[in-house]
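Scrolling down, you'll hit the structures one after another.
You will see chain A twice below: alongside chain B first, and alongside chain C after that.
Coming up: the complex of A and B.
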């Protein structure tokens, strides 16, 4: 790196800046929009200088949306809570089920193990809309429609295969002899799983969990069809901003900012694990 | 020495379905006494590691039984077999230091901390790893990891210590020193050890008895001396010993009071009938074709011997290896002095009947070794 010339460094800096601008522009623009009113947002040409307002955020937090046609109740904070609850619970359930399953698939070659693993992965092949209609009918019969349990169950279609396949690759990367060494020193296989395999696969499990969380958080279609207003996450809740009197761009932007904040914070915090986890576990596995 | 530490009887190992999968170990039967050091010797894929892993419990036994100290263990999980093992790939626990790795093996035994420290210290001294006890496995060399892994196995009190290629990564000098110390350590404590190796020097130096395996079949299980002097078949004969035994096919013939071993290219080794003991002579004369084997150290050059042509001459610093074209094949002889022989030089070689190993031509089983029947 020390041998690069000045020109090379300048060009590299310029290239990096371009890439950053390209990828960050939408987010920065949304952030700016969230502090503006609909009028200033829709000004033509758009202006970078404006008088910031917190009205959008206030509206979201208080749940009172004031439009030209009158005051509207929105349940954005409720939606946000739903998103947190659904995503966290789904990922927790998927980890609880998926990590031991991944271990089993990695360590024990039993009859049909590859087929089962592949079937689980194939859940992600089917277009969600294709699955949704029959699923809705079943859920209505079973009384699972519009319940958290039902939604968390369906979210396993997103989280479980992801966690299973990433974590499996991680377990396969741990030399089996390390576990054997532990077992022969007088420990059961369960103790070995807990004390040796789990800690060694830790970064991979964290990465898979994080990725599954992001996928679950961003899900739209399952919740749209299977949940009514009080169970809907932010992705669906944002539809409420398309009102009879026009689209509330300011509030939508503020809602986006609020809803990406948890995932963004989580991703930034665990960025190192995510990159490591994805490049080591998933690719090799 | 009477109690058996390990009994393997009629053990088969199939990878894949029984009788149809890969037959890695075939009908293996061995008995190892308490206090013995046994080496499983063979080339890669001969079944030696599979055998070790079946004893440890990491591979299922397809057929047959394994008993450790009189208990049938082949259906028990590894934790209940009371065996210790050093792994070929070291398999140290990455988050623990070398000291913790070694002490860890004692945790299940619930010893007092002072006892554990004393044990770790003595083993570390034995293996010369005292200065890396506080380091982590990822920060030490392969040889050091291997010694730590060996230490982790030796520190335990178990009915059986299984060592898989325990010294493969060590430097030659250190290896020689450690061999002696480890042997002493095992003998002093009356431990029973099985080591897997493809290095004959290591097997010879450490083991009381060596089990030679090939193609999943136990070829011979005997002391190092006996393996050299009385190889049970052609495989052990050529596998054990460095440089390997010279072998030639020969026709047995008689003329007057001579026995001729006729080799290709019209050559013949002629011996007086009285040169062989009666029983060996009878066995020889019963057959037409045999395979004869001669150790390189037993080949002599003499004026009235059979002609050969030098094809290579290497001085190794303490001995000379001479390769010669002989009887349609190649023959190696070893001399202790530096020999000046040009390539292509004619030499004459003779072989004392006392040093002749004779094998059956079709089965490869030994017929005689020198003056004695196999």
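Coming up: the complex of A and C.
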């Protein structure tokens, strides 16, 4: 067994604490701010001891923001719901389209397949602002502006290339012989896809889906331009806290806490798959 | 039940031709061994038959029916892969059961089928394990069981003993012929091990660079190899190959080996004055007393006792090295000078330029006369 002296253990503990404090401080600070009023937050010097209040959370949940200038309606819960709906639907659509496409790109090298795959990836290279103006004009003509369908469609620019390229790598890692063996045993190519390729690439698909979800959740610019208040996700909705009577730090903090909760919960739940999926050797028996 | 035939099959990858206009037929119930170095196209040929890759030209018939354009799942063949290709997320039982599942067998029939073939291959106790918990030998048997379980009329075995240890390989080499004969299936067996080829094949097809160089019974391949390359591949220790130039005298055609004239009988008239190579199997040579007619003087260099035979490396007066093999337990000199004589049976004559064997099908008979 490795021998460690008491001093070594103490130093190691101190170093670890330092690292944790460094990385966790902003999150802890936001969590603390979310339980304070604007006045206590802005007090100088800042105080670690305060009387916690749930006013920020109640304001968000009831949708009534009380400021010095009067009462203001905010649609935060609506925004949160929009975020969940848009992200979940976008990832679902992207998985539905992307996974079979990834399988096709991995297993069937047809003329131009590399070019098509690369073109899809290149959607991620262009700055979003570059495509937004023409996209807005088209969407207004097509009647897709300010609709969920339009937004989910645009979100495919974020999700689809990500899923396609990650999942394709996992399919390529499955030895072709394993699929051949299943075909020779008398199963159709579709059964082989369902019973062999999908389960073996499962961890990779879960990892890609989670990453796509996080990217979709964090998106700001598409929704800002293409959606109006009732379709906007939390990232855009947070702008409402910059009011005429000042920035509502307490509500912003509470909003941040509420909006990182779903992704955090999902990441914690899928952690096992993520680690399994992002490290190689999952397939090799 | 099902014969197998390939007619003028061509397969290319990019500009490289992997199978070059290859034709082959395997009779119903026959075991044909495909033997050859890696890259000869053996595995590609099996995959073409299985239907997982398509030929560029030519036709494939199974049981007399044209299967060229039929997908793999409709061909009814069983295949065992060199790397086993087990499904890592399924238990050994589920792995073996996949061909029965495809046939929509009932649960009971499936259980009975899997268990009987597992018992035959002695893996009944590991059926609930996933592949990663199996030893290499068990994996190999699971893969074999999966190929056998549906009783396919055609079995394709791609070097199934390659990745298992020597002891198991030896055991399986003994068990497999009976197992395959009991099944009555038409078998194509790929291997790079000449002993495996000799032990299992009714016939052996020697492949090299996408073509079949020789097709025949194990006996024919060993006794009458088509060329030097094949003669060298079959046999352990390797055949002795010596450059000779046959001449003619009153008694007939002869070759000079260390100042001793060794006369050949057979249709060798055309070889006079040509550059040839004589092939002598180590077991076709024997030690003799000095004074025996046609005895070739040699110096013993080294001796390797193997279990069933003793191999001696000797050097002729011209400095050429020759391997002589004799059964274990027989007496023999271990050092110094000795004499060897050529036994009639194993001598083969090849053309040096082309490497092809010269002469008719019958085994070469030699009778020797002492040098003048």
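Operating definition for what follows: the second predicted complex is superposed on the first by the 264 of 285 C-alpha atoms of A that agree within 3 Å, B and C clash if a C-alpha of one lies under 4 Å from a C-alpha of the other, contacts with A are read in each partner's own complex, and residues count from 1 in each chain.
Note that a residue touches a chain if its C-beta (ideal position, glycine included) is under 8 Å from a C-beta of that chain, and two chains touch if they have at least 3 such contacts.
Everything quoted here is computed from the prediction, not taken from an experiment.
Overlay done on chain A, so just call it for chain B and chain C: clash or fit.
clash
According to the stated criteria, A:52 is in contact with first (chain B), second (chain C), both, or neither; which is it?
neither
Quick one: classify A:199 as touching chain B (first), chain C (second), both or neither.
After superposition on chain A, A:199 lies in contact with both partners, chain B and chain C.
Have a look at where A:246 lands relative to chain B and chain C in the superposition and call it first, second, both or neither.
Neither: A:246 stays clear of chain B and chain C.
Is A:26 contacted by the first partner chain B, the second partner chain C, both or neither?
After superposing on A, A:26 lies clear of both chain B and chain C.
In the superposed arrangement, does A:13 touch chain B (first), chain C (second), both or neither?
Touch status of A:13: no partner.
Hey, what residues of chain A end up touching chain B and chain C alike?
175, 177-178, 180-189, 196, 199-200
Give every residue of chain A touching chain B within the complex, in rising order.
Per the touch definition, chain A meets chain B at residues 175-178, 180-189, 196, 199-200.
Enumerate the contact residues on chain B facing chain A in the complex.
That would be residues 56-58, 77-79, 81, 83-85, 87-89, 91-95, 104-105, 107-109, 149, 152, 156 of chain B.
What residues of chain A sit close enough to touch chain C in their complex?
The contact residues of chain A facing chain C are 175, 177-178, 180-189, 196, 199-200, 283-285.
Would you pull the chain C residues touching chain A in the complex into a rising list?
My answer: residues 47, 50-52, 71-73, 75-79, 81, 83, 85-89, 98-99, 101-103, 130-132, 146, 150.
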